[in-house]
Amino acid sequence: MAGNTLGNIFRVTTWGESHGDSIGCVIDGCPAGLRLSPRQIRDELTRDIPYPVLTRRVETNNFQILSGVFEGYTIGTPISIIIRNSNVESDKYKKIIHTPRPGHADLTYRMKYGHVDWRGGSRASGRTWISTVAAGAVAKNICKLKSVAVTSRLLELGGYKVNPDNLESVIESLAEESKETNDTTGGIIEVKIKNPPVGLGAPMFNRFQADLGHAILNIPGVKSFEIGSGKYSSRLKASLFNDPIDFKEGKIKTLRNRAGGVLGGITYGNPVIFRFAVKPTPSILIPQKSVNLRTMKSAMMSTEGRFDANYTPRAQVVSEAVSAIITADHLILSGYVSHDSIIPRKERLLFGMQTRDL
Amino acid sequence: MAGNTLGNIFRVTTWGESHGDSIGCVIDGCPAGLRLSPRQIRDELTRDIPYPVLTRRVETNNFQILSGVFEGYTIGTPISIIIRNSNVESDKYKKIIHTPRPGHADLTYRMKYGHVDWRGGSRASGRTWISTVAAGAVAKNICKLKSVAVTSRLLELGGYKVNPDNLESVIESLAEESKETNDTTGGIIEVKIKNPPVGLGAPMFNRFQADLGHAILNIPGVKSFEIGSGKYSSRLKASLFNDPIDFKEGKIKTLRNRAGGVLGGITYGNPVIFRFAVKPTPSILIPQKSVNLRTMKSAMMSTEGRFDANYTPRAQVVSEAVSAIITADHLILSGYVSHDSIIPRKERLLFGMQTRDL
Amino acid sequence: MAGNTLGNIFRVTTWGESHGDSIGCVIDGCPAGLRLSPRQIRDELTRDIPYPVLTRRVETNNFQILSGVFEGYTIGTPISIIIRNSNVESDKYKKIIHTPRPGHADLTYRMKYGHVDWRGGSRASGRTWISTVAAGAVAKNICKLKSVAVTSRLLELGGYKVNPDNLESVIESLAEESKETNDTTGGIIEVKIKNPPVGLGAPMFNRFQADLGHAILNIPGVKSFEIGSGKYSSRLKASLFNDPIDFKEGKIKTLRNRAGGVLGGITYGNPVIFRFAVKPTPSILIPQKSVNLRTMKSAMMSTEGRFDANYTPRAQVVSEAVSAIITADHLILSGYVSHDSIIPRKERLLFGMQTRDL
Amino acid sequence: MAGNTLGNIFRVTTWGESHGDSIGCVIDGCPAGLRLSPRQIRDELTRDIPYPVLTRRVETNNFQILSGVFEGYTIGTPISIIIRNSNVESDKYKKIIHTPRPGHADLTYRMKYGHVDWRGGSRASGRTWISTVAAGAVAKNICKLKSVAVTSRLLELGGYKVNPDNLESVIESLAEESKETNDTTGGIIEVKIKNPPVGLGAPMFNRFQADLGHAILNIPGVKSFEIGSGKYSSRLKASLFNDPIDFKEGKIKTLRNRAGGVLGGITYGNPVIFRFAVKPTPSILIPQKSVNLRTMKSAMMSTEGRFDANYTPRAQVVSEAVSAIITADHLILSGYVSHDSIIPRKERLLFGMQTRDL
């Protein structure tokens, strides 16, 4: 059961269904004294749908910080964020209530839970990850305290390699094609964690890349995870694979980065780089073979709800968020960020009081 | 850090400050198919202030279930409940912002977090436990599935033994006295978990009474916890203390219950009975010695905010809630309640669909 | 299931049965660079049986540190400690295999697990806590880093108040009496955590006293837990109960300590003081009423195995150990102890290498 | 800190260094009544080094079950297993104590812990995973209760595709080549979990493939993880990717398995199939560029300790073990395996007693 919490010390618990009243998260374990403005969260939420042309449901994402922040700074208590659902059209889903959509969680939710919310994918919808994106904004603030930056870029869309020059045109043609063929496509994303301090991660079952991989593989539609040279590593000899150790700007680093920034599961200062693949959005208008759960006979079905021609750019936004959450968690676990590192003990009794006339 | 989650598998995470926008909880790990009506939650919330005469802040406790429930039944996803704060008066707290109230968390929050919400006790206020009471309503529903009932009663108030006959008059006189003396009182509560199935709890560090004790000792103002004969046990010889094993209604039980329903930390069918003591509400109008954190000099202070003449009856409501949460968690951990026990596997694919014409 | 781990970040997992090959623990989350000598562990293990006259099984407690320590210092990996069982006499237990001993876990283990090791109490024996005592030695070393000391004293034995003057004679008379009457007694213990830094504990469900109470209530035979004024608090008015805040040796403290060193679940520098009661050892030679599980008929039984005339002094040793473990866990959680606080980052690359000629 | 435990309810904690006294694990959360013979563990340990020609350190792996098993069956208490180290040669490592080996954890352990055991890779050695293999034997027994089988096969070694026909010759030539070139190679492995029951996994952060991916990515040298069609999924359109739903042997399944047996993170009966890549063993005799930590100058170094020409077949054995552990954990979490499913409640009081004359 459960499974709605990410992180060990910096813990994000999310809740909400696609067509429910709202969606949200509770962030526990955030140190006190961290600057947190609604604008930072809004900026991340705005990125939720980077290319509207690929998406048929566009939300305004009105949100509210309900707790944990006072006068612009965190106070060490849980940060609760709520985001209203507004743009929902549930009726179309009624028609397919008995025929699970191939490639969707319809079948497995029914098998596992029995009683399900049949509207809009419920908890399995990509929509529900908007609360994780909000939590990612808080995590990024923690990363910034140590000058750690989480960035990402699209490597492939629909099988095409993309770069800043051709990205817009690839997206437009994929959107166009999707409308014509009623079919969808996937893609590949690269995430880079820049400037990680040494020592994030632990030897056996909390290797930094494993915690990142776990987070990434939980994003809907992700089918692979590769760190550094990834799969290709298996085809190199050690003399070519091992990154020679040397100095760079006065610090010990490896000049090459086939390892992807981790050795023995622990960071050493090199950027952590990984890639993952996203499958095509499962909802399509093309008729597909399924089963009618009422008659228990085979049945053809096609979806009518809104769907994304390509979900990859939205998965990219989510991937930054979960990477930031895992990094923030490890920064705290490893002692880099703490109540102390933000408000030194000796200043605590008077913090925030000195400039006020109360 | 953290610390806002109760339970292992059935997990309740709470959030919210006394004078913030709202207060709430997220319940993760509740099996699907559990009947859950808003009325059940409302009934528990209404109990929040059992004797208004003892309390100066009375809330209407408007709440909303935001997720996890569909058409009256849980769906296995997190249940998010929000309760609005309305009746807040923050101004009085401004005056004492520099002088922590004795017996309160004012001093320790300042020491631990530095930046604090100074209004109304913030996260330390008894008010914040209303979300736990809401979660307790869900837990009680789980307990009912196995005919387990969590009940409680007041044993003492302000040093007076109470029973159904004298309770009302004791409460009235304590309220009266509090107004006159500007002072407050505490009390003692007994909780009984009736009809527990055999086998709840585990040998070393998850003994059922230890998990219960942990939950109870987290309630604001609780200073003691006793299971069965409690402290008195230490003054008996084993021949008098050990509960003889025998049959009762065809089941193996002990006829006496000095153990309080646990042996080796595990239940065996006897009711689990424990008691705990609640200190007097710390807020009083009588001047007390404190320290001005700005001048770092001794200073007298008296509180002006609203407070409870006796917080014990509210702690009683909370104690039932946390006891139900711990019991529900152990019922699930021990395999008594599961997705299966509510909706059998073979019925899942069609659950909730049979009576509808879709 | 599970339940054999204590602590959140500093985690102690214990294993072993009373009459099995051996007993042990794995301590995970201990920072690197901590001095740890076998003598420190031996010293604690030697205390296991403080008054042999009260105990019929005396072990030599040969132990070995199997991992996690190199050249006298911890290396950040799990510390595995093993203690051999030697002095076992299992035959007597065969005779009572079908008749659970009143006051023992015999009945509940059978109900919960079905298949049990019937020898010597198995996992429920006080013997199995020797591994927790070993782990406590490591925890005490962590406490020492911040000058925190965990101490304890016996308050009552067999109903008699004890002090350094009468302790020996009370113990002798209780041992004598036990031999004559074949009966056993309990007692009351006080634990004091001296010099805790400010800020241990967290608001809702990880209040420092609740985590301590949880640990203590898991010790076999413990029936009550009281922090500060404990149960008596409920009979005081706030004006008498609240500890006035003042300065002591230049630090903000409360001069009185009715709260027992915690406010809002968080420490502020005052010593943390609590008491708990231990029931009489359940094993007695006096015939008691039980049930024969084979015939399902009532049956009288008396134990023949060895037992303690009074288990309280051994529970006292265990209570110091678990208190030290909880304190160490909170010291790490609160950022007081870390890899950094032991070996500063800038010295790590060369630590332990400077004085060696390699 | 920490990080040495795998699993949520079925929890495996491992300990031990490569050249320490011994290596071991504690398995907590295993239900009682499970048949467990030393032979089953021995069989798995024997597989540890499937192709000795690829490996220079061969251990006899003498092990002992120290607790948790009585008369051939588990008793619900922690299962402690110890494996002695015998074949250690530490001296060679002294020479490279100041120059971390490229591709190894030498550098990061030094950065993170400061004080390290410099012998034989310490906790980062592949050797330390032998205890996980032992725990995997217990997990496989749990899987068998539900007829779930975890199998695996080598897909590539040193860049060569392998199959049962050419496997032996590829291994021999890689071993030969390694001796000649003093270099090492990697490979690719496929794992299949056959016959999983429906409903393993949970929606958000405990998707079955994410928990598997996390476990696999923690194995030393693993650089990628792919479920189902993996990376290739991103290049297919949904109409080709989505697995049509149909019946197979009377059960609802998908006939194709591009999803790899999970939908929405939850199993539905199809086999769960994933692949991962292993980098070449980092230890090589060829001189490599590194840094002398004492002089803080660049330095060439070559390893002299024993190493594996190709570690992939050993990673394969470990991958089966962790996959079995994750599957066992989910079988218990999902209610398929419990105390009840092994020894029904009504039989518990007499289990194991009926056939004995005591």
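The first chain written gets the first letter, and so on, giving A, B, C and D; residue counts start at 1 in each chain.
Just so we're on the same page, a contact is a pair of C-beta atoms (placed from the backbone, for glycine too) under 8 Å apart; a residue touches a chain by one contact, two chains touch by 3 or more.
Since we're looking at a predicted model, the values are computed, not measured.
Asks: Which chains lie in contact with each of chain C and chain D?
Replies: Common contact partners of chain C and chain D, which must touch each of the two, are A, B.
Asks: By the contact definition above, name the pair with the higher C-beta contact count: A-B or B-C.
Replies: It is B-C, judged by the count of C-beta pairs in contact.
Asks: If you average the CA atoms of chain B and of chain C, how far apart do the two points sit, in angstrom?
Replies: 27
Asks: So how far apart, in whole Å, are chain A and chain C when each is placed at the average of its C-alpha atoms?
Replies: The mean C-alpha positions of chain A and chain C differ by 43 Å.
Asks: Where the CA atoms of chain A average out and where those of chain B average out, how many Å apart are those spots?
Replies: Once rounded, the distance between the two centres reads 35 Å.
Asks: Among the residues of chain D, pick out those that touch two or more other chains and give their numbers.
Replies: In chain D, residues 1-5, 9, 14, 77, 111-112, 123, 198-199, 203, 252, 334, 339, 349 touch at least two other chains, as defined above.
Asks: If we count contacts the way the header does, which residues on chain D are in touch with chain A in the complex?
Replies: Listed in rising order, the residues are 1-6, 14, 100, 102-105, 107-109, 111-112, 123-124, 128, 156, 158-159, 181, 183-188, 198-199, 201-207, 209-211, 213-215, 217-218, 220, 223-239, 241-247, 252, 254, 259-260, 262-268, 277-284, 286, 288-291, 298, 312, 333-334.
Asks: Which part of chain D faces chain B closely enough to touch in the complex?
Replies: Interface residues on chain D, with respect to chain B: 9, 77, 198-199, 203, 252, 334-335, 338-340, 345, 349.
Asks: In their complex, what parts of chain D are in touch with chain C?
Replies: Those in contact with chain C are residues 1-5, 9-11, 13-17, 20-24, 26, 28-33, 64, 66-68, 70, 73-80, 82, 94, 97-98, 110-117, 122-123, 293-294, 332, 339, 342-343, 347-353, 358.
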